[in-house]
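Residue numbering begins at 1 within each chain, and the chains themselves are lettered A, B, C and D in the order written.
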Amino acid sequence: MPVTPAQQAEIDAQRSEPRQTLRAVSEGMERHLYLARPVLDHGFVRVIDYMGDDAAICQAARVSYGKGTKSVSNDAGLIRYLMRHWHSTPFEMCEVKFHVKLPVFVARQWIRHRTANVNEYSARYSILDREFYIPRAQDLAAQSVVNNQGRGEVLGAEEAARVLEYLKGDAARCYDHYEEMIGQDGQQGLARELARMNLPANIYTQWYWKVDLHNLFHFLRLRADAHAQYEIRVYAEAICEMVKDWVPAAYGAFEDYRMGGATLSGKALDCVRRMLKGEEVTQETSGMSKGEWREFEGVLEG
Amino acid sequence: MPVTPAQQAEIDAQRSEPRQTLRAVSEGMERHLYLARPVLDHGFVRVIDYMGDDAAICQAARVSYGKGTKSVSNDAGLIRYLMRHWHSTPFEMCEVKFHVKLPVFVARQWIRHRTANVNEYSARYSILDREFYIPRAQDLAAQSVVNNQGRGEVLGAEEAARVLEYLKGDAARCYDHYEEMIGQDGQQGLARELARMNLPANIYTQWYWKVDLHNLFHFLRLRADAHAQYEIRVYAEAICEMVKDWVPAAYGAFEDYRMGGATLSGKALDCVRRMLKGEEVTQETSGMSKGEWREFEGVLEG
Amino acid sequence: MPVTPAQQAEIDAQRSEPRQTLRAVSEGMERHLYLARPVLDHGFVRVIDYMGDDAAICQAARVSYGKGTKSVSNDAGLIRYLMRHWHSTPFEMCEVKFHVKLPVFVARQWIRHRTANVNEYSARYSILDREFYIPRAQDLAAQSVVNNQGRGEVLGAEEAARVLEYLKGDAARCYDHYEEMIGQDGQQGLARELARMNLPANIYTQWYWKVDLHNLFHFLRLRADAHAQYEIRVYAEAICEMVKDWVPAAYGAFEDYRMGGATLSGKALDCVRRMLKGEEVTQETSGMSKGEWREFEGVLEG
Amino acid sequence: MPVTPAQQAEIDAQRSEPRQTLRAVSEGMERHLYLARPVLDHGFVRVIDYMGDDAAICQAARVSYGKGTKSVSNDAGLIRYLMRHWHSTPFEMCEVKFHVKLPVFVARQWIRHRTANVNEYSARYSILDREFYIPRAQDLAAQSVVNNQGRGEVLGAEEAARVLEYLKGDAARCYDHYEEMIGQDGQQGLARELARMNLPANIYTQWYWKVDLHNLFHFLRLRADAHAQYEIRVYAEAICEMVKDWVPAAYGAFEDYRMGGATLSGKALDCVRRMLKGEEVTQETSGMSKGEWREFEGVLEG
C-alpha cells in the first residue's frame, strides 16, 4: 500500500484548504497537487509545489513587466522556437517539487541527475518501514543478449518463481534481523546508521526532489526513454502525465523535439542526403560502424 | 524613473487578479509580489514568484506527508537547528524569482553567483534604453587606503563635480553614438550586437533571476555585508526586506547565525579561551598576522 | 599587442622547465601549454593546465585499475559510443584551464555558461589597461533582416568609417576620464570600483577559466556555431584547435555527433521517412511552421 | 583484500612510467599517485590525477601570466587571506580525481555532495564482487541517547557477536542468491539490473570521483568531522592525508580556519563579549536554547 489511511488524511487535509495568491496558477497542476500517484508495488510520486506555467517561460524569455504575452498561440510558437534552438534558460524559470517513494536501487540511478535539490528520509535518524519492491512475474526478464545493459526475454514460470522466492525470503530475513539489531523492549540496540547496512536495495526510501523544468526535461528524456530501466521509467512516465497538465505548450514542444526527435551525426545526415538523391546506401558505404548503422536504420524506420 | 506608467499599469493588472491555489502561501510575500522596489537612481528589484514558506523547510527536513508540523515555535526551533548545523538542503526547497533592473557593472558582480537561473534582456536582439547610473555626490568616495578593494573618504565637492560631469557627459555621448550607429529612418544600421560595445558599464540592464533560499542566503551574506560594494549592497538590502516577510523564521536564523555571526579560526578560538582564563593576549602572542589580529579585535568589539 | 615582452618572458620561462610526472600526459596539449594564441586585436587564449586524455575518458567509463584499455582503436570506438548515447560523465573526467583576454561584452556572453570556474581580473582592486576591441572594417555588419539577433551585410565604407571613429573616439575619451578620476600624482582619486563604470564594453578584461570536457563541448557547440556572434566564435575556434590536439578521439566524435550533426524533431523525422518513400513533402504538408521548415531544408541541403 | 595482485600489477605499471610535462607538478602528490590506501576491510581510496598546486591558487587569484609569485611565504599568506575571507574561486582552480572502493551505504551519503563528477561501476552491465563491509566488533556501537543520529556506547560482546552473525550470514545468503539468479552454465539468467536489488547496502561498489579543491574542502569539513558517521569519516581522513601533501599551504589554512575553527552566532558572540568583560553568563541569561548553549560551551572548552 503506497499510502496509509493516516497519510491519506493528511493529503486530503492539504487539498481541502484553497487559498488566494497573486502568483501564476496552473489549473492543470492544481488538480494533481499532493495526490499520490501509485508507481510499482509500494511506491508513488506526488507533486508538492510548483512555480510558473507556460506564460512564465515566455515572460522570462522577454524579461517582461507584466504578462508580456499577446495570445496563447503566440506563446506556444515562442516556446517551440526556444526548445528548437536549445535556449534552455527560460525553461529553468519553472520549478517543481515532488515527494517520491521509491526502491533504493532506483534512487541510486535517479540521484545521478545532480542539478536538483533532494531531502531524503534519514535512516541514521529513523527506522525504515518493512516495504520491499517485489517485481511482478511479467517484469522478470533475462539479461539481454544484444544490449549489454538491458533486458531480454521474460523468464519462464519456474525460474520466475524461484527468483521471487529468493527476493521475498531474503528481504524478509534481512528486515527481521535489521529490526532485531536495532533492538526492542527498552534495550539500547545497534545504531541505526549501522543496522541499515543489512537492508537490500529493493527496500523503499522516500525523498523530496525539486528541479527546474529544463533539468526535469533532461531527466525525462533519459528516463522515460525505451532504453531506461523499467523500474525508473514508470516514475518518469508518471511525472510526464503531470508535466503535460502543468505546462502543456512546453510539454508539447518537448515531446516533438526531444522525445520524438533524434540527433543524427554528420555521417548519418550525409547518408540521408545521398538516399534522398536516390543512392542505395549500405552500412559498408555509410562510414558508420555496425552498431551505429543499426541505430540509424531504427531511426529511419520510426 | 525606475518604472514607466505603462509598466506600472501592467504591474497593477497582475496584482488585481488573485486566484485560488492549494499550494503553500506566504501572506508576507504576497504583499510584495510584482511591486518594483526602487534601488539606486533608475533600478529596482521586484519579486515575480516564490515557492514555499517556513513550514515547507520543515516538511522537507522531515520528508512529511502533510504539513508535518506541530506548531510554529516547533518549526522555528527546527529551522534554527538546521541553520546552525549547516543542513542546507531543506532551505534549498524554497525558491524565489526576481525581476531586477541594475547597472551592468553591478550585474557583472552579481552573475558570479552561479547557482541561480538567469534570463537577461538581450542587447543583440533589442535596443537598450538611455538610462545610466549616476551616483549621488555623497556616494562618490576615494579609493580606500587601508582596504585595497574598497572605498575611503567621500570626495570633496569640487572633485565630485568633476567626476559627475565626466560620467554624465561620457554616458550621453556614448549613447548618442550608439543610437546613431544602430541607425534610424529606415537605414539598416550597425548590428546591435556590435553597437552595444560602445556603452559604458553604468548603463542599466535587467534580468529575471531565480534562486533557492540556501543560495540566496549565501548571496545575501556576501552582498549585504558592510564590505560589499555599495551599489550591489543596496540591492541585497532590498531583497532582505522581502525575505524577512517571506520566511520570517528562516530569515531570523540567518540573521543570527550568518549575518550577525562570525567564523573564528582555531588560533582565534585559542586566544578567546586564554583571554577567558584571564591571560592578556596580544597580536605578538596570538600567532596571528597583523591583518588577522585586527579583524579578530573587530569581532570582539562587535 | 596581446602580450607584452615581459609577459612573453614569463611564458617562455614556464615553457622552459619540463618536469617529471606519473600522470596522464597529452603530448598534443603539451605543445600548446602557456602559449598565447592571439584572438581579435588584443585578445588571446592560452591553456594553463589540463587533466586527462582520451584514455582517461575510457578508464573512467570502465572504472579501471590501470590503463584499462586494449588498443587506441578500441578506445576510439568506446568514445564514439559514449558520445552517441549522451553518456556525459566520462567526458567530465577531463578538465582544462585557460587564461583568456577578451572584451567585456564577450565576457558577458561567455559567463552565462555557469558550469565552470572563473577568476576574473578585479577592477575594484586593479587598474584596467587602455586596450579596446576595435573591429576591422570587414567585421562591421548591419543588423540582419532575417534573423532578429544576428548580422547581415557588411557596412559600406563611409558608414564603417563613421562607426570606427565613434568607437575609437569614445573609448579614448572614456579611458582618459577613467584615468583622471582614479587620480594621479599622489592625490587620492575616485575608488576604482566606481571609476570603472565609465568604461565601455569593448575594453579588455581577462580571466582564468576552468571547465570539464563535457561542459566545454557544450560551450563549443553553441559558440563555435555559425550563428554565434563573431567576436566569441573566434575564441571558441581557437579553443577547438587546442582540444583537437589534446583529446583527438573525443574531439573527432564531438565533430561528427555534435558540430556536424543535427537534431531532428518528430515532425522532421516523419517528413524524412515520407520523402524516402518517394512522397513530395512541402511546408504546407509537413506540419512545420515556416521557420522550422526553412531550417529543416537547410539541414537536408547540408 | 582491497586490491588483487593483478590490480596491483596494473597500479605498479602506471607508477613505473614517469613522463615529462610542462604543467605544475606537486611532488607531494606524485608520491601518492595510483597507490591504493586501504580503508575499512575491503575498501580503498587512491588518487588518479590532479591539477594544480599551492602556486596555482595564487596565480588564479592574481590572474597572472607566469608563476606570478614572489616567494612561498608570500603565497601562504595570500592563501590564508583567501580562506579567511571566503574567496572560494581560486581554490576551485585545483582539481583532483580519486578512485574509491566503498560500501553502498557510504556511497549513498557521499553522493549527496553534488558539485563533483562521478563514474560508478555499473551493476546493470557488470557483476558485483562478493565483498561486504563487516564492521570490527569495536565499531559496533549502540544508538546514541543524546544525539538522535549518532552512535553511543560500544555493544557488549554477546550482542556484537549476534550482530556480526546476522551481517555475515545475510550477506552471504543474499549474494548466493544473486549469483544463482543471474545464472551460470550457459543459461540466460535474470537481468543484472534486477538481480542487484537483492544485495544489501554493505556490499562494495567503486567509482571515479573528481572534484575541485574548494568543494573537496567542503566535503572534508563535513565528513572528516567528529560527528560524521565513522564509515565515511575514515575515507575523508585518508583523503586529508593526501591533500596535506598535495597543497600544504591550502591544507594548513583549511585546518586552521575550517576544521579547527567554529562559527559563532550573534548571540554567542554577544556572550563572549560579556564574559570578557567579567560577566558570569549562564544558559538562562544567554538567550540561547539548551542545545545551542551546550554546543557553545563545547566550543569554549575546545
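Following the convention adopted for this analysis, a contact is a pair of C-beta atoms (placed from the backbone, for glycine too) under 8 Å apart; a residue touches a chain by one contact, two chains touch by 3 or more.
Predicted, not measured: the structure shown is a model, and the values here were computed from it.
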{"item": "Chain B and chain A - chains in contact with each", "value": "C, D"}
{"item": "Comparison of C-D and A-C by number of C-beta pairs in contact, larger one", "value": "C-D"}
{"item": "Residue-number overlap at the chain B/chain D interface, same or different (half cut)", "value": "same"}
{"item": "Between chain C and chain B, distance of the C-alpha-averaged centres to the nearest whole Å", "value": "29"}
{"item": "Separation of chain A from chain C, taking each centre as the mean of its C-alpha atoms, in whole Å", "value": "33"}
{"item": "Centre-to-centre distance between chain D and chain C (centres being mean Cα positions), rounded to whole Å", "value": "35"}
{"item": "Overlap residues in chain B, where contacts from two or more other chains coincide", "value": "89, 112, 118, 120"}
{"item": "Of all residues in chain C, those that touch chain A in their complex", "value": "77, 80-81, 84, 86, 89, 112, 222, 255-257, 259-270, 272-273, 275-276, 289, 291-292, 295, 299-302"}
{"item": "Residues of chain A defined as touching chain D within the complex", "value": "103-105, 108, 111-112, 114-115, 118, 122, 124-125, 133, 135, 139-145, 148-153, 155, 159, 162-163, 166-167, 170-171, 173-174, 177, 180-183, 188-194, 196-202, 229"}
{"item": "Residues on chain C engaged by chain D in the complex (per definition of touch)", "value": "3, 7, 9-11, 13-15, 17-25, 30, 33-34, 48-52, 56, 59-61, 63-68, 89-90, 92-93, 95, 97, 99, 117-121, 206-208, 210, 212"}
